[in-house]
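Which chain is which? They are A, B, C and D, in the order written, and residues in each are numbered from 1.
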């Protein structure tokens, strides 16, 4: 795996020669340098959104055969190339982000079966912007999209190619504007026993990855405002997945010497929820006393 | 294991001869028929509470040696007698109720270690009214009571003997009154999206038995009033333990055709809490919409 | 105003002669003894519901002219007869229950205007079962029903005559069954600061009677279970109206020596709600700490 | 009443001659130019806080007689000078901010009585930083401080003089820093029926000014984030007082065509609370469905 290149500023990209532009943009579309080559001539771009719109148009307006080639240039998810380490560094990092590099044998077999069925029906690999999904969601999409007609599925595949390109562009290029490709997950704990933010509460965020298995996403501790210093997830799409937040309330109230039962009525409070909008803002707060709590999708 | 005998009415017990009384009461105190024999002469009893108070007095007023013998007549928890099937039927059922007949090897080893340390310090077996505890709570009590002085611990052991006797008495004898030996756990789901009780919601109650292991206690479905037809636990002490209620909210709101995200923001809602008062009433309701919920210790 | 007669048992009514039956039932339908006379021959009645169904059938099957006469036998609401004290005792008590005997001059003028318009359009007086409404609701119904067609409005008027009859029957006759003519309003306060019912909280229930004016309905204090000893309203229909419950939380928490701000963040907590189903059960609880509260339509 | 002068920058004040400084600072301490004159020589001030600390030191270190003169230079609250229009423009605006220019005859009489008693006991006028209080709070403080010893009360009066000075300074001088003399009251409405912010809800904030009388503070409508575009109160201390927020929920849900009862169970939701920390941040949100709501002191 290679390290991420430094991001490059849009106004520099606007000024360099065509070859340098193409090199700098290489890989935004997997094995398809023709897309960025075609964009070079449209410079200068007023904004990142402008650049992305141009790339989108080039892809959408390409002849059918070229669009099919673009789609066919993508690797299988959790496929042989991935197991053999033969992916681009972008694809490697993306597949790992959804845990596709750590599948059980049964999960590999399931991907293998779906890949085969998909290839047989559509003649190209299954493409999904994996940074927008957890493993369960990828499998659910895979099964659902197998029901599509070939024409609808090619459109869906190209839409995913463009989503992948948008995220790669967001990492490669800096500009005054940003593409709307990030979501945000945050929390807040209010101690309604004392009428103030709950400071010093340990929090864990897990992704529920199927069956009883869970994966720790992040640990944090609330600050004086009852929030975490940084959002639980930010700067990337929120993977569509089921999550569990665990709030260590019992230790918090015990530390305040609030009279508690033994064992305390509430100790570690789990809140299970799902994210369905990867670019959305999810605020999942907790209002709590030692004897009660509320949670909700906030804003 | 023998089947439970039919309960007998107090007014019959008041009228039979002393031998019949002693036989009918046999086993209320483990291997200590002298307690009930001594009670026979105090008949008639105006109430079950009156009978129990008399038994309590006989135990408390017995000479030290007799009290020690009473205590020593009890089997070890999860000990050799239990593994060999050499317990009274009462003890067998009681130990099974807390899962002591289904311990892992590590748990058996832990009980063995504690039993040895306890015998070495106090000279009698560790006695606890197991129907009032989950496995975690028994182990926590065991470790805590090992710190007691011998005198304090004998008192504690006798108090547990009397609690065991009260529960056995409650099963054996019917009367106009009842001993206060039962608790109650109930729930209620209010659909605050529609302003009415949530009917048809599947609920599961698990006991958390240590680490990640859980044990299903009961399944139920809410009725038209948003309650379960019977309390989740009733007619017995509530085992001191940690629990998880799971409310299948997602399926409920999907069935009502309420617009939901995909996957739904809330699906199976877990509520973790602990019971610390075995004879208490715990009401743990849920107020819920597809996007929010509240829970609390109610009444 | 006469005192209420003693209720009479249905099985006695089933046995007495026709004249006594008619006398006992007199006034169930205002100035229309023919209805109960016709029912006498249908005895015995298996239940109160059976008797009421029979009376309903007699009214519904009567010729148009007789139904019109029945409707015309009712007094105007807040009309001249009421001001002159010329109503039956039933009508007097009913109109007083909705405050129609204590109208301001402007309100009398409004009723006068509506009565005139109604008589002019329909040729009979406006009839509504006033025990099911507050003053605002009566006026809103009055205005709305003026828009009806004459045929629809005669049906509506007869339905109200039958509702009035059901309530009078419920007061006159005792039986194993009851008619479903009563509602219930209750509350419950849970102290989620301490995880137990809030005992000793003063509560007031007001009816909001238009503009800024309010009318005290009842005062109560919560008992050890956080409830009032009796429902706030029961044994009668709940008047369709807007209400305000006032919970004296500040004094409650101050009495427990909970640390509070000065003045306390929450003191007297008002909860405004409306009742729209006179025969419904409204449970309006409060979950509260010194810094937060929740309320909802419960069950 | 004169219009407020333009604020002047601290770095200008640091450079002008002593006389100009004294003129610019005139009135920060009522009828006591000696305080600012004494401060002129301490220039330059690194920050507004530095200037304020210097002024505080000059007042605190002044001889007793000068401190008494400073205190005696203040007008009575709601006194003869106020009625006659003989106050400084600062005092006029301040007294009006608490409604002291709109007292009923009974309230004037009460202030008169308290002023007399206070003068008789302490020999100087009652001083309170009125921008930090509602009328009820001023009267409560007045009565409470009458119980003080003369020495304690002189200290209290000087502390209020300094608070008044801090607020006047905050209005007169701009600098990189700000004095901590402002509070903030905000709200937020979350529609937990739909899992999103409630947009377009009309809100009113009233101050409860004693008995049944209320005073409208501000009206607002929630924006797309469920908040008001500006805080309900900001840029000034929050007057210690009781308040009522009214949330027009019924109209909001009706506008969304959510099925509602007639009349709706919830229509205008009142939330009564008190502010006790004038420099605090009070966030009073509402989580609501057509059938339930929660509120709390948030952050």
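In this section, a residue touches a chain if its C-beta (ideal position, glycine included) is under 8 Å from a C-beta of that chain, and two chains touch if they have at least 3 such contacts.
Only a predicted model underlies this, so the values are computations on that prediction, with no experimental measurement involved.
Asker: So chain B and chain D: same face meeting same face, with over half the numbers shared, or different?
Answerer: Comparing the two copies, chain B and chain D contact each other through largely the same residue numbers, since over half are shared.
Asker: Based on CA centres, what chain would you say lies at the far end from chain A?
Answerer: C
Asker: Taking contacts as defined above, which has more of them, A-B or A-D?
Answerer: When A-D is set beside A-B, the one with more contacts is A-B.
Asker: Using mean CA coordinates as chain centres, what's the gap between chain B and chain D in Å?
Answerer: Taking the average C-alpha coordinate of chain B and of chain D, the gap between them is 58 Å.
Asker: If you average the CA atoms of chain A and of chain D, how far apart do the two points sit, in angstrom?
Answerer: Between these chains, centre-to-centre, one finds 48 Å.
Asker: Check each residue of chain A and list the ones that touch at least two other chains.
Answerer: Only 192, 195, 265, 287, 291-292, 294, 296-297 qualify.
Asker: Can you check the complex and tell me which residues of chain D touch chain A?
Answerer: 188, 190, 192, 195-197, 225-226, 287, 294, 296-299
Asker: Quick one: in the complex, what on chain A touches chain B?
Answerer: The touching residues are 137, 212, 240, 242, 261-270, 272-274, 276-277, 291-297.
Asker: Any idea which chain B residues touch chain D in the complex?
Answerer: 192-195, 265, 287, 289-292, 294
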